[in-house]
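Both complexes below contain chain A, partnered by chain B and then by chain C.
Moving on to the complex of A and B:
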């Protein structure tokens, strides 16, 4: 692990605390492991928020989370003494009972810790360039995901415009999938809809989604055989420099050629004003 | 070729103050001849050079974080609908990239300077700048809390620090250097700040904010960067901070310096209850020292989102308001904080801030040295500039607005005693000719032969905000981009860079330091030139000669 002016011994100068519902391989690499009872993330975070402010908490409330009061007191003590703390969180928090409420509790906890010492929180993103997609959608549309452009300008509503919701409702008459395999992970009604409509897949591999698609286009893998940019989870962009040649085109080239072909077609959205003053 | 006839021209770069004059355009520039082509009759209309924004935040990690934090604003604001040739976008507090270009051009601004770019996310910033259509762009790199440079200054290795600074300017493909709360942002990594020029910086024994400021201004002058040190002073926003600002100005005697958003640095008093304007004191000092330029960082009442590299200040603002707070730390380089904010006329502090911005614009007597800005989006969004122009040009309107301020503001501001009204010539100076000169972009803000044909044509209107908010025509590079409120064309703008010279051997010195401290490889750090579309390298300048 990186050594620095303030942490000259690298990993030895850092403390890693792992919180999970089971003892995973990552837990073995940590200095401390806290096993939280499944579905009790929100309660645990809320109790810790109360404890840093010395508010009263009953033993029974703490016991229900699966972590003892003593362990929590010790953890909070260590957190307050830290010079710079980071809370990393992933889908175990945001996709289980409580969902975005859990994430909100954790972000608030991190903000409140700044009354005592420097603390930040950062989501651990999934595989591939998820952060990059999120960053670019934000600068082009204002929103990170769950965006509808069907009125000619961006609108946002996770739960309505997110991919899974649109597919489950059967709201699309075509699907264009790049760098993802919803056929392997999404619920059955969403997969059934993908199989029903013309689905186009761009992927270096033949995926579950490719098998139910009308068209699969094999592309060069980005970062291995195609250049580009990948955004790290802290939103620092890294240049991708290909090490190998590929007989396949890059995703970018395929998208560009499809876009050029579509530009030849008549515009279906004519007679729109240039701008609307206010959406509400 | 194109000819614009009969317009009343305000062109401060050439001393032209309201003369009726024909302009000819060929190949994107003003020309002395016209043979054939379209003629636009501008009789009775007002012509000015296109606006130049010396200090704005429109692209990169911080504004993009602000966009993520404010979906409730995107949902209500104006929406640009896509067409076959034009991308969609949203306006509001933190406009999307495409909308940013439409909105700037829509009020006659044709060049913008993105004022805060960490080297680590410069690649990202350039990708966003590429997606801002119509306007020309430049960007400033954040360096005054950079660990490697501060270490060198601590050791007294000033000459080497200068080469490293030049290396970073080119690595970020930037146009100049921005210093934000020098030393304070470095201390913020440990939850501390550096409010005064003699404050201790965490991790350093010798170097102080004062040394950083003096040495940076000197290094930038020696390197001949066309735009001087662009400085966000220590102790932003705090009552009584005028002392820090004046001390900073004294540190910079003999160097060039641009003071960003001076409004936030001109307060007296010692707590929020007795905070008052010290704009008059600051303007007096500023008027007597021609080595400095500034932009107002004016405040308008309403909703906005504040974003700054000044992390500790943003934590304080979050505690004061209890609203959302975003914080970004950028490894060894800098930081950033984001807090949505509403300026209210009924709030005494906000009312003082509103007055201070206008007082600075009115009390600094040389329009070539004070420029219109709101530190977008911090004081207000850039698309509200026409409202500020109205406040500057109409003292009656100012008095009307002052009637809405809390009664206990009396004796805390000097605005009621000021009756100056800006002329159109002065407006053209603070919005275009002045900032172009300060940026070192002689091809901008000037309607002279051979200069870039960026200009705006307004209807004469007694309603000044309406006049400046709705130009009749806007030309960018000789092309009509806006006509009567409609977007006509969305050409790609240029990006201005500088390439200061440095010892090529500096790579060998920097590489091991870099590999020791950063979490990416040295080769991946500099932004590749081929990533900048339509780049234009401006020459460095030699200072100390005539005219300086």
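Moving on to the complex of A and C:
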């Protein structure tokens, strides 16, 4: 692992604490492992938030999370002593009971830790340029994800406008999917709804989602045959250096052409207002 | 066929986005991805410049790109609540176009982050 001015011994100067519901391979690579009871993430985070401020916690509340009071005290002690802490979190937090509220609890915890030492929170990214999507949406709309533009201005509400929820409730009546394969990863009710409505897919391969879609357009794979920019997980933009020339157009070109085809039609705001007049 | 070497190429398979990969490629495929991890190697070596799929499919049938773009635009425009989703395995330039399109449509806009 990288050695630096402040961490001359590399990995030896760093401490990794793994929190999970089961002991995975990553747990073996970590210095400490905390096994939290499934569905108790929010409780554990809230207890830790209280403990950093020396507020009183009952033993029973701590025991319910599956982690002992001594272990937590020790962990908080180490966290406060750290020079720079990072909380990495993934889908285990945001896709279990509590969903985005778990992530919100962790973000608040990270913010509150800054009363003692420098701490940040960073989502672990599975795919290449998810961070870029966050950055671009923040730049263009002011919000990172879960946005609705159907009133003509951006509104943000994860849980209401986030894709899984929208699909499971059956709210959307047309889906445009780019650089993703929800047909292989999402819960079944969400996939069923995607198959029901007209779905448009842009992908370098014919994917599971392409098979249930009305329109599939093959595009050049980004970073391999299409140029552009990609964001690293810590929000550093990187230029992509394509090695091949694809026979297919880039995502950028196809989306721009679809956008231009839509722009030629009359504006929906004046022609198809999405409101029920009797309720206005 | 000429072999080219690309220094400091960027790998977009996972969120780490390593930018020190050395790629050896000819016109058709990448033969070597030095310094890439096992995931990065399979990412670079499994994509080729072959025309493996038709340029577009409409209702599962091969179609032209122009037709597919028009049909896609019609579906999106006719919808009351379209959804623009994904944007992870693509470039920032394409993401910007997606946001502009969602704005034009009054659509829902979301990425993998919400998962």
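In this section, the second predicted complex is superposed on the first by the 221 of 280 C-alpha atoms of A that agree within 3 Å, B and C clash if a C-alpha of one lies under 4 Å from a C-alpha of the other, contacts with A are read in each partner's own complex, and residues count from 1 in each chain.
Note that a contact is a pair of C-beta atoms (placed from the backbone, for glycine too) under 8 Å apart; a residue touches a chain by one contact, two chains touch by 3 or more.
Every value quoted in this text rests on a predicted model; they were computed, and no experiment measured them.
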item	value
First (chain B), second (chain C), both or neither touched by A:58	neither
Partner chain in contact with A:117 - chain B first, chain C second, else both or neither	first
Partner chain in contact with A:68 - chain B first, chain C second, else both or neither	neither
Residue contacts on chain A - larger count, chain B or chain C	C
Partner chain(s) touched by A:239 [first = chain B, second = chain C, both, neither]	both
Contacts of A:6 with chain B and chain C, given as first, second, both or neither	first
First (chain B), second (chain C), both or neither touched by A:135	both
Partner chain(s) touched by A:125 [first = chain B, second = chain C, both, neither]	second
Partner chain(s) touched by A:24 [first = chain B, second = chain C, both, neither]	neither
Chain B versus chain C as contact partner of A:179, first or second or both or neither	second
Chain B/chain C common contact set on chain A	135-136, 140-141, 144, 149, 151-152, 154, 229, 231, 236-239, 263, 269, 272, 274
Sites on chain A touched by chain B in the complex	2-6, 83-84, 111, 114-115, 117-118, 120, 135-136, 138-144, 149, 151-156, 229, 231, 235-239, 263, 267, 269, 272-280
Chain B residues touching chain A - in the complex, by the definition given at the top	59, 61, 64-65, 67-68, 71, 74-84, 86-90, 92, 94-98, 102, 120-121, 123-124, 127-128, 131, 147, 188-191, 203, 315, 318-319, 325, 327-329, 486-487, 516-517, 519-520, 524, 528
Residue ranges of chain A in contact with chain C within the complex	91, 94-95, 100, 123-137, 140-141, 144-152, 154, 158, 161-164, 166-167, 171-180, 182, 185, 197-198, 200, 202, 204-206, 210-211, 213-218, 221-233, 236-241, 243-252, 254-259, 261-263, 265, 268-269, 272, 274
Complex contact set, residues of chain C against chain A	4, 6, 8-17, 19, 23, 25, 27-30, 43-44, 47-51, 53-60, 65, 68-73, 75-115
